[in-house]
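Following this message is one structure expressed as structure tokens.
Going by the order they are written in, the chains are A, B, C and D; count residues from 1 in each one.
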Amino acid sequence: MTITMAKGLLEAFLEIRRTSERLCKPLTTEDYVIQALPDVSPTKWHLAHTSWFFETFLLRPHSQGYALMNDAYPYLFNSYYNSVGLPFPRAERGHLSRPTVAEVYAYRAHVDEAMARLLEQLDDALVPSVELGLNHEQQHQELILTDLKYNLGANPLRPAYRPPRARTEHPRSPGPSFIAFDGGLVDVGFDGPGFAFDNEQPRHRAYLRPFRLASRPVTNGEYTQFIADDGYRRWDLWLSEGWRILQERGWQAPLYWERRDEGWWHYTLAGLYPLDEQAPVAHLSYYEADAYARWRGARLPTEQEWEHAAAACPTLGTLLDDGVYEPRPAVGARDGLLQVLGDVWEWTQSSYSPYPGYRPLPGGLGEYNGKFMVNQMVLRGGSCVTPRSHVRVTYRNFFPPEARLQFSGVRLAADI
Amino acid sequence: MTITMAKGLLEAFLEIRRTSERLCKPLTTEDYVIQALPDVSPTKWHLAHTSWFFETFLLRPHSQGYALMNDAYPYLFNSYYNSVGLPFPRAERGHLSRPTVAEVYAYRAHVDEAMARLLEQLDDALVPSVELGLNHEQQHQELILTDLKYNLGANPLRPAYRPPRARTEHPRSPGPSFIAFDGGLVDVGFDGPGFAFDNEQPRHRAYLRPFRLASRPVTNGEYTQFIADDGYRRWDLWLSEGWRILQERGWQAPLYWERRDEGWWHYTLAGLYPLDEQAPVAHLSYYEADAYARWRGARLPTEQEWEHAAAACPTLGTLLDDGVYEPRPAVGARDGLLQVLGDVWEWTQSSYSPYPGYRPLPGGLGEYNGKFMVNQMVLRGGSCVTPRSHVRVTYRNFFPPEARLQFSGVRLAADI
Amino acid sequence: MTITMAKGLLEAFLEIRRTSERLCKPLTTEDYVIQALPDVSPTKWHLAHTSWFFETFLLRPHSQGYALMNDAYPYLFNSYYNSVGLPFPRAERGHLSRPTVAEVYAYRAHVDEAMARLLEQLDDALVPSVELGLNHEQQHQELILTDLKYNLGANPLRPAYRPPRARTEHPRSPGPSFIAFDGGLVDVGFDGPGFAFDNEQPRHRAYLRPFRLASRPVTNGEYTQFIADDGYRRWDLWLSEGWRILQERGWQAPLYWERRDEGWWHYTLAGLYPLDEQAPVAHLSYYEADAYARWRGARLPTEQEWEHAAAACPTLGTLLDDGVYEPRPAVGARDGLLQVLGDVWEWTQSSYSPYPGYRPLPGGLGEYNGKFMVNQMVLRGGSCVTPRSHVRVTYRNFFPPEARLQFSGVRLAADI
Amino acid sequence: MTITMAKGLLEAFLEIRRTSERLCKPLTTEDYVIQALPDVSPTKWHLAHTSWFFETFLLRPHSQGYALMNDAYPYLFNSYYNSVGLPFPRAERGHLSRPTVAEVYAYRAHVDEAMARLLEQLDDALVPSVELGLNHEQQHQELILTDLKYNLGANPLRPAYRPPRARTEHPRSPGPSFIAFDGGLVDVGFDGPGFAFDNEQPRHRAYLRPFRLASRPVTNGEYTQFIADDGYRRWDLWLSEGWRILQERGWQAPLYWERRDEGWWHYTLAGLYPLDEQAPVAHLSYYEADAYARWRGARLPTEQEWEHAAAACPTLGTLLDDGVYEPRPAVGARDGLLQVLGDVWEWTQSSYSPYPGYRPLPGGLGEYNGKFMVNQMVLRGGSCVTPRSHVRVTYRNFFPPEARLQFSGVRLAADI
């Protein structure tokens, strides 16, 4: 259930806005500023940009008398909306010391106050834009954490975002099994009620052959066997483009993994730890997910297969609300689908394309999703840093096939 | 009908090999050598590589006593087959003056002679590999011409490959109309008899919504209206990645177009000519095809829609055998599909993915198609430089969305 | 007179270390962190690196029982000393949020305390290394300000480092005149007493033809005439490499200049201001200085000419100690050399080469200067952000010819 | 003695033009076309460009009724003369199959015929431009061979330009000795009679400290000891920029060297051969020459030292006219300077700067030398592919410090 169905819109707004700020509590001022890669953004940019979204698409057009806090912010905090003007260059977001962190919080308060006034007597026609703004901010909550993971993890000091984990007993993940599905003519895509992005619509029919889907994502332990079997040195397991990128970037393991004498460790938001063999492997590119599947004699599911299976069994795994920020071992029986929503985003073999009959949102918000529908692959299911009220089985996440910054893993599929 | 069904295998072999050489007749020695872009290859490389293919996959494993003409050729003329060893770098093919053109022709004769012996008493199990080699060479016949077009067209002297065209009366293309198709459960993919690539198989079921397809490809004249309406200056018509590339490369028109005072001209294999407004527009990237469709309020077809419609009406347009090497205006009634096979490859909105149940060929030939199934879009239909015996409605061509070197155009589709 | 001659070594040490910190007083925490260009460094890196220098070359080898504050600092704060180990990549200094600013100040205190103990009973043999460390820190004081100017100036908000200037009457700079020098056999280079870098030594003989040298650097007003005369559009005024870089980077004026309707403005450490026409032009590359001289029918001086003339008349201009951080109009009579030391570094036509008989320092400190003696040009004289106790007529500054980050200007020379 | 002093101008013209063509005799048509690196040019470009030089600076301005052979040639064959118009991009010279080799020879004949007419009644004022054109063509004779060496040597077939060498007994090079020179006030630079480039002038005075200069260049055998002593792995031997480039490009030996089990081989214009230990080492960058000198406890000479010493003893070594195209072991007594002119260009530690009082040529020819006077180092002496009538002790060759394409070696110097 989406958050705005469960609560009033104002309450939902305040809670989501507070959540973003709460996620930043453990940070030093310096942590807010940096951008260790063009593909990640500084935390203070996320905090400002999500405010800019409400300012741009709700306050400026619909809140009479709304005054900008600073004339340069519309330029500085635009991400990619050409309809709003040329954006400040993405790769230079970490070059800005000003506005300071305190000024960004003041900007958030400025926007929140104006939004609270607007929401008190909101025209119904604006509800979808508010809901979009809230879902947008939830997407950036995930990005705040994944970008922080990179920004901190790239520092040789390997600073931690959250306190050390208690090293309790690890549950053992149930051995993987394959669940069979009949296929045939099925319906996929969102059909309400509640909120969904334009790219999940319209609901439509698809024909599926019978298929099997793994009961849970691949674990770190299983993935180490792929590495041990020279998975990163055998070209025959890889797509041509993946093999090229592997060589160019020197990939030898998932992002954040470090080989030590005693075995594999990985950087987590709690610092550097030995790999938990039972937990789902994360930070894989599409190329790695695809190569692993080929090595196993399996394949990645299509997004239609995934959604059809998930709809029957939308079990929850670890989500942002759990406050763990790492995938955890699957718990449960091996004869159903586990960890469908949460833990790791699951690469599908489907490229990100418009659904039949797809229509982008009208106006500037039409730039939200549709213009990215090329050279990206669909991921499904949500991760350990996705808010619980944000996931659903029709949700289509998408990234270029070389992307590894997210908690992205793999659930195997196979033909019958 | 494929060529090997119409003729004996040896006859087909000899004819296809001769055709490749016949296409090179108009060239100077110097023309064979150059590579004006990493993405194109020197003509002499094409002539050698197609021979290498037969040598590598037929003669060396199956022709007892076959002797290499030169120990370095397996390295120099490998394109991308890792199973055969590290290939010579693609971008440096034009850095090689040796082997000379005469030596390359001697190499072809060496291979032809050995192949003729092999074909005389060919094991049936090898027929598919021979057919693949012949279809491979036909693909390179097309590339010889499209690469030559770039290599000559990039020269400020704008030399012609073929003699000037007679400037006869141009037929007028029939006005475009949209043909309706019912959709529903349809079967697509190749199911014999004859030759097809692995990527066209297996034949399988798909569900289509009702759709409409244009009776013919978009013409140069229609495309100039898109340009005149600021099509290359309006970000809202473009995919985000397409807009970025347009700006980076300064695209203002299709490849080979030149603006002159009196209007648009374009470079053809016969030299520089005023645009034929009635002929199909060619040398579009996917981004341009997609932007044009959006501007027209239409869309690109999926490859399933295209194939379903084409199967009902596989009309022929201009092909390599016509010796024109340029798309020509459509001729015929406006109430059926025209120019389905030939004239221009037609971009579809489908990314190049494996069909359900797809299996690559076994062994080294498994690298032929499957490893490229990411970040590419499917084109259908063949072009004015595709051999007649090479086209079919199930054929899946594929290129990255920014590619413009081929005769690639656009046939519009729309929902009903 | 160098600072260590005027004061005791401990007193000098404390004063210089305090000065570095005093320069950072106006900064927000965020300002310390960023690196808007690979060629500039974050302020907190400068503060840490100068401490690392004392730690590495004095405390670790010579202070018994000295304990590192953090094992990673020797790696993080090494600039380019291979003898000490692989340095952290320069271009990523701005990717580090940790150590925080507070931790860097604690690191400075840690080093200062240990240095104070060491200096109390310092072996005479170590005095040169301490003096080098102090002069090294003074060099970084200049860099702190020039790097801050870039880091703040690249922000569209154009934040100021120091309070707005009082807009008092501007003195008029005396018209430029050329002073004649006889040349002949002269001696150049440092010969004590006091501190000098190895690259200023040994003092040696050179033969000069008679020459003339401008009484003061070129002013902003004079430079605007070069721009108005199409100086940035006439290839014949430029070195070939300069012309290439100008086109590649779109140079149309010195760094920090902005064209407005009412004329030229420039960003200063006090914010954005109309150009002071009487003040020396700064932030020129060698290519611009050279092109300007050619346009004027003059040339740049050699470093031998410059030093020979300056030695006779080492007048002081604006220096760091003045707290202005901008070049100011020349004051004084037009028949002597003005602003010899201070205001702007003056490009010479001399490439940075070893003096005859040059010997680098022994050990790790040998990497200080000698290994950079290629592809750089010598600048002389010091700037408005060079400490007064740091300048002298034999001082050789050096930068690649495209460098514009420093307060670098031009004093014309001519043959007689 | 320059060629135009020894012969009449017309005779000199014809001989030099014939020599260029004679050097191309061993080539296949294909060899003329390729450009395996942006820094080298196709042979046919050299043949055309040298003709373009006469056409542009003599025929078009001074030969009434001269008709261009092709309107595009002034654009295609301009190297870098902005005064003549925008040149065709250097890196794309190898992308042009037309004009063909035969057409280029026809172009040469066209120019030669017109030049012969012009030379028959030449205005005295034009003699210097003709001499410049001839010396220009001689420079390109050297480049034809060094560029061919790269273009052929980069081909895995390692084709030879000239027939295999007879493997006769190698003379042993005399052991190196250092010859002492007094220094003091000396005169350097060209002062006639005959031809010299503008950059060798004016003759002027310089002050030198006493120095020593090696009797001959460093040999291959001596250089292998540097490699064996980890010369390419010790950062302390290298300039900072050299060390960076070494790592970036993976340098482990001079250009064209290949390590085999049995020792070092190198590619020569006669093919691949074991290294001749007695011959001078060639194809060194400045960085390698400088590192080698440092390893030996010596240094590179300044160009003033070199010229002063060479003037006293301008012995000849191997030159183009010898038809060997490789440096040969020194022959002669060890107490004088050997191989001063010829065998290998010798890197000096002098950057390429204007001489005191330097004036570029007037008009378009002013672009010949002066505009390159930055970021390059001076080499002296000529090589085994420099024409005998082209070398002299005042000759200043210049290349960027990373250049290795020429026959560039090292003669050591030392202080006394």
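The rule is simple: a contact is a pair of C-beta atoms (placed from the backbone, for glycine too) under 8 Å apart; a residue touches a chain by one contact, two chains touch by 3 or more.
The model shown is predicted, which means the values in this text are computed figures rather than measured ones.
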Equivalent of B-D within the choices A-C, C-D or A-B, defined by over half of its residue contact pairs recurring: A-C
Farthest-lying chain, centroid of Cα atoms versus that of chain D: A
Computed distance of Cα centres, chain C from chain A, in Å: 47
Mean-CA-position distance for chain D and chain C (Å): 38
Intercentroid distance (Cα basis), chain D paired with chain A, Å: 59
Where chain A touches two or more other chains, by residue: none
Topology of the chain contact graph, where touching chains are joined (line, ring, star, complete, other): ring
Every chain pair meeting the contact rule: A-B, A-C, B-D, C-D
Chain C residues touching chain D - in the complex, by the definition given at the top: 80, 82-83, 185, 204-207, 209, 235-236, 238-243, 286-287, 299, 349-351, 353-354, 356-357, 366-367, 371-375, 377, 401, 415
Residue ranges of chain D in contact with chain B within the complex: 28-36, 70, 72, 75-76, 88, 92, 94-101, 151-152, 154-157, 159
